[in-house]
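Following this line, the structures themselves.
What follows is a pair of complexes built around chain A, which joins chain B in one and chain C in the other.
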Partner chain A sequence: MRKVAVVGAGMTKFVRRALETPKELSFEATKAALDSCEMKLEDIECVAHGSAPDAFDGIHQKGEYLADGCGGWNKPTMRVFNGGATGVHAVCHGWYHVASGMFDTCLVVCEEKMSNAMPHAQGFFLTIFDHITERPLYPNLLWIFAMEMNRYMEAYGYTKEDMAIAGALIKNHALNHPAAQLTEKVTVEDILNSEPMAYPVYRLDVSPVSDGAVAVVLASEKVARRLTDKPVWIEGVGWNVDTSYWTNKDLYYPRYLEVAAKMAYDMAGIREPHKEINIAEPYDPFNYKALHHMEGLQLSPRGKTVELLRDGHFDLDGEIPMCPSGGLLGVGNPIAAAGTVKIAELFYQLRGEAGKRQVPGDPRLGVAHAWGDLMQASSVVVMGK
Partner chain B sequence: MAFRERIEKNTGNIFRSSEEGKYFPVVSRYTAGVAGQKFLEEIKENEKIFGTRCSKCEITFVPAKLYCERCFARMEKEHWVDVGTRGTLYSYTVAYEEKDGSPKETPSIIGAIKLGDGLLFHWIKESSADDLEIGMEVDAVFKPKGERRGSLVDIDYFKPKK
Partner chain C sequence: MSGVEKVYGGTGLSASQVEDGSIFVEHDALDCEYTWDAGVAIGRYLQELKNGRIIGRECDECRRILVPPRMFCEICWRPNDRWVYVKDTGTVNTFSICYVNWDASRIEPGHPPHLPAVIELDGATKMIGIMHILGEVDPQAIKIGMKVKAVWKPEEERTGAITDIKYFKPY
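For the complex of A and B:
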């Protein structure tokens, strides 16, 4: 396998309802990523595209529909999609295009436009449930998260306040992210006093609904060294699926992530991730999910995560800063694009270009994670300089 | 036993995906986009059809687009070109059946109309299929101003040049 670097990144602002079409959002992110490393479309050899369910953009076969906005005209172009896990998985997908030796440059573009769905994209989520054992109850996606959150808190004696502390920490990082949807500081009290949706999930425990796109440029070592003095290397990739019966999982522990993370850590030569990883971008559609995933990423011992959180272990200047980008909770959640924000964040952080969000102390190694499909898929990328 | 009866013998009492009043009603409500909005406004307000011309690639995209898909140049104001309302018939088809398979009372004609370097699909009227020839010129017929609402069908149809 050849070494692969991230050499550029770009994104649109994340908003509740964009005027831009999904193609136009993709174009804006792709153009920004190319501009960031002074590359032209003609320098790109292939496109690895990611976008979650077709229903969100309201166009079937949207991989083909979006291709030209992703710079895919007349190039080998392929879409991957596994729901929420898409944004990081698309980078794994781009990685093997280059690592294999087939291509020297690859654009990875992820886009989602959630606002087409009226009144709310939840209506499309209904159809992911089993039609015999679940759909007769007319379930809602929030039910799954509520069940998980409740069981997770029960398993370790965590409280809703603990979860809100994690939520406020992550959301407020987004105030310093130029693409963020969140514009006002959120306090722990704001989260605890927000409207109950499906107990124990309250409105501000959840990420917002967003439109947006993110792109990164991957390059082989020889091209990367020609383009930049600060390439950020993809050190390891991993992905995995657990059982597709979400009802058959340990709701308190993300086993799907443990296996994916170990795959990526093995490739990166990391034996003790909690000591070696300097920045973590766990997938955080809900505040509890960030903590849940820190445990799955082997960055925090099971049941001790709240203690570490309250001790400042996951603060921007802590041992392992958690979601310095502001995450899905703060930057926003255009499904596939939200995962790629995490890749872009590691790119900025490891180059020392994250501005007010910059993690101090010259971070050298970071991990990004996304989770999705029928709640059982995970994708993990380890990046280093 | 008919197919539907055989099916319903087993499944008649279980879940159906769109049971009245219980499913989550959701529809897709799209935006026209940055380029699409201006394209539709020109049709609605001015009876004009616009494309965008990439001078580097020497292509006039119709309908107008925000970017050139080949070189990724952003199509700014100066790239917008009025391609006129007369195009040439690049291809056409005649639809004889309704969506449910029943015969159409009057067959409808759909044309691929070349404008700039792009094709617009639209109805062809005021002509029988027998009188159509590929390569012939066709003119856009717009709905009356009061009936236009910023849509592709503000162009009512195309008809052969008189």
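For the complex of A and C:
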């Protein structure tokens, strides 16, 4: 397989409700990504596209609908979708287009417009549950994440304050992200005193609902070296899906993520990720998820994560900075696009271009992760310079 | 050449701009109807719920007793072997106290919170549970590990649905 580099990245601002349509958001992000590496659409050979349920837009087959905005006209263009895991999975998808030797350049574009769905996008998640054994109970996503959070905290004796510390750490990184939805500092007390939604989940334990799009440009080695003297290489990719019978497993540990991460680390030649990875972007739609995923990513021993968190291990200047972007919790959570923000963040960080968010100490290796469906799917990309 | 993006597209709107007509919008309420076949495994599961019993399927290879039942084992990837009744008692594996309805609206003031739980059923394999709701319990008294029992609808009201169990209560 050939080496593949990320050579450009671009995104829109993340907002609660955007004036722009899904196509227009896709165009803005795609244009920004191409401009960032001084490429034109004619330089792009194929498009890998990601967007979450059609139901949010109320437009079926939205891959083809969005393709115009993604630069997909008259090109090999294909959408991937596995819920929240889409944003990183679409980069895996783009990677094999180029790694296979089939194409030299690939645009990866992920977009989500949550605000179309009325009165709230949450209602559409009812339809991801089993239609006979679960849906008649009228579940929502808060139910199941609250139950996973509860199980996770119970397993190790973690507290709500522990989870809030992780949330405040990540959210406040977003204050330095120019595209972020969150603009005000959040304290641990703010989180603990926010509205109880589904104990143990309170309002500020959760990421905001967002509209937005992110795009990255992938290139083969020979093209990347012509384009830039700072290519960021995709060192490994991995993905995995667990059973949809989510009540038949112990939620305290994401085993499917461990498998996905090991697939990516093996490809990257990483044997001890907790010593070798310099930056982590675990998927963080809820504050507990960031910690849960640090364990699944093999970056923190199970049950010791809160201790490391409290010791500053995951701070911007710690051993493994966690979500320096500001994550879904701070930048925002337009489902499919939220994972791709993490890819863009590693691109900026590893090039030393992350501004006030820059992780010190010349980081060389980072991992981005996205997660979705019924606590079921994970996609992982390892990037290095 | 720089990898840093300079301009961010995307224009944030306020709720009032959508409501007061200062931007153009199109509204539609889609109404989708389906009639889903319950299938072989869940068909029997629903029949037994109507009878006031919970049934699972046993796999001889991994030795798991699976609820909700399926006719194949997704791990061993083979047809599984037999029907097995499990008990209508179990243990709370995890739970939530939820003040939000399915569509993100808040519950009415004075309305009790929703109490979803994963209940590991007695007679099924450890960690094999179903999602249901808890009732006849002080929300603050719910604990992981709590023993609970199904409260069934009266026989004549059962329709062959997961809601034939009204809720699980401590016992």
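Before moving on, here are some points about what is shown:
The criterion applied here is as follows: the second predicted complex is superposed on the first by the 385 of 385 C-alpha atoms of A that agree within 3 Å, B and C clash if a C-alpha of one lies under 4 Å from a C-alpha of the other, contacts with A are read in each partner's own complex, and residues count from 1 in each chain.
Assume a residue touches a chain if its C-beta (ideal position, glycine included) is under 8 Å from a C-beta of that chain, and two chains touch if they have at least 3 such contacts.
Keep in mind that this is a model prediction, so the values were computed, not measured.
When the two structures are aligned on the shared chain, A:L126 is found in touch with chain B and with chain C. By the touch criterion defined above, A:N74 lies against chain B but remains apart from chain C after alignment on the C-alpha atoms of chain A. Contacts of A:L19 after superposition: both chain B and chain C are touched.
Look at A:Y138: by the touch rule set out above, it reaches both chain B and chain C. In the superposition on chain A, contact of A:G58 is made with both chain B and chain C.
Taking chain B and chain C in turn and counting the residues of chain A each one touches, the greater count comes from C. In the superposed model, A:K230 makes contact with chain C only, not with chain B. Of the two partner chains placed by the overlay, neither chain B nor chain C lies in contact with A:L169.
Overlap of the chain B and chain C contact sets on chain A: residues 17-20, 24, 27, 31, 58, 118-120, 122-123, 126, 131-132, 136, 138, 140.
By the touch criterion given at the top, residues 7-20, 24-25, 27-29, 31-33, 35-38, 58, 118-120, 122-123, 126, 130-134, 136-140, 142-144, 146-148, 150-151, 154, 178-179, 195-201, 211-213, 227-228, 230, 243, 245, 247-251, 347-348, 351, 353, 355 of chain A touch chain C in their complex.
The residues of chain A lying in touch with chain B in their complex are 17-21, 23-24, 27, 30-31, 34, 40-42, 55, 58, 68-69, 71, 73-74, 115-124, 126-127, 131-132, 135-136, 138, 140. Those residues of chain C that touch chain A in the complex are listed here as 1-15, 18, 23, 27-28, 30, 34, 36, 38, 42, 45-46, 66-68, 70, 74-75, 93-105, 114, 116-118, 127-133, 139, 144, 161-163.
Of all residues in chain B, only 14-15, 17, 22-37, 66-67, 69-72, 74 touch chain A in the complex they form.
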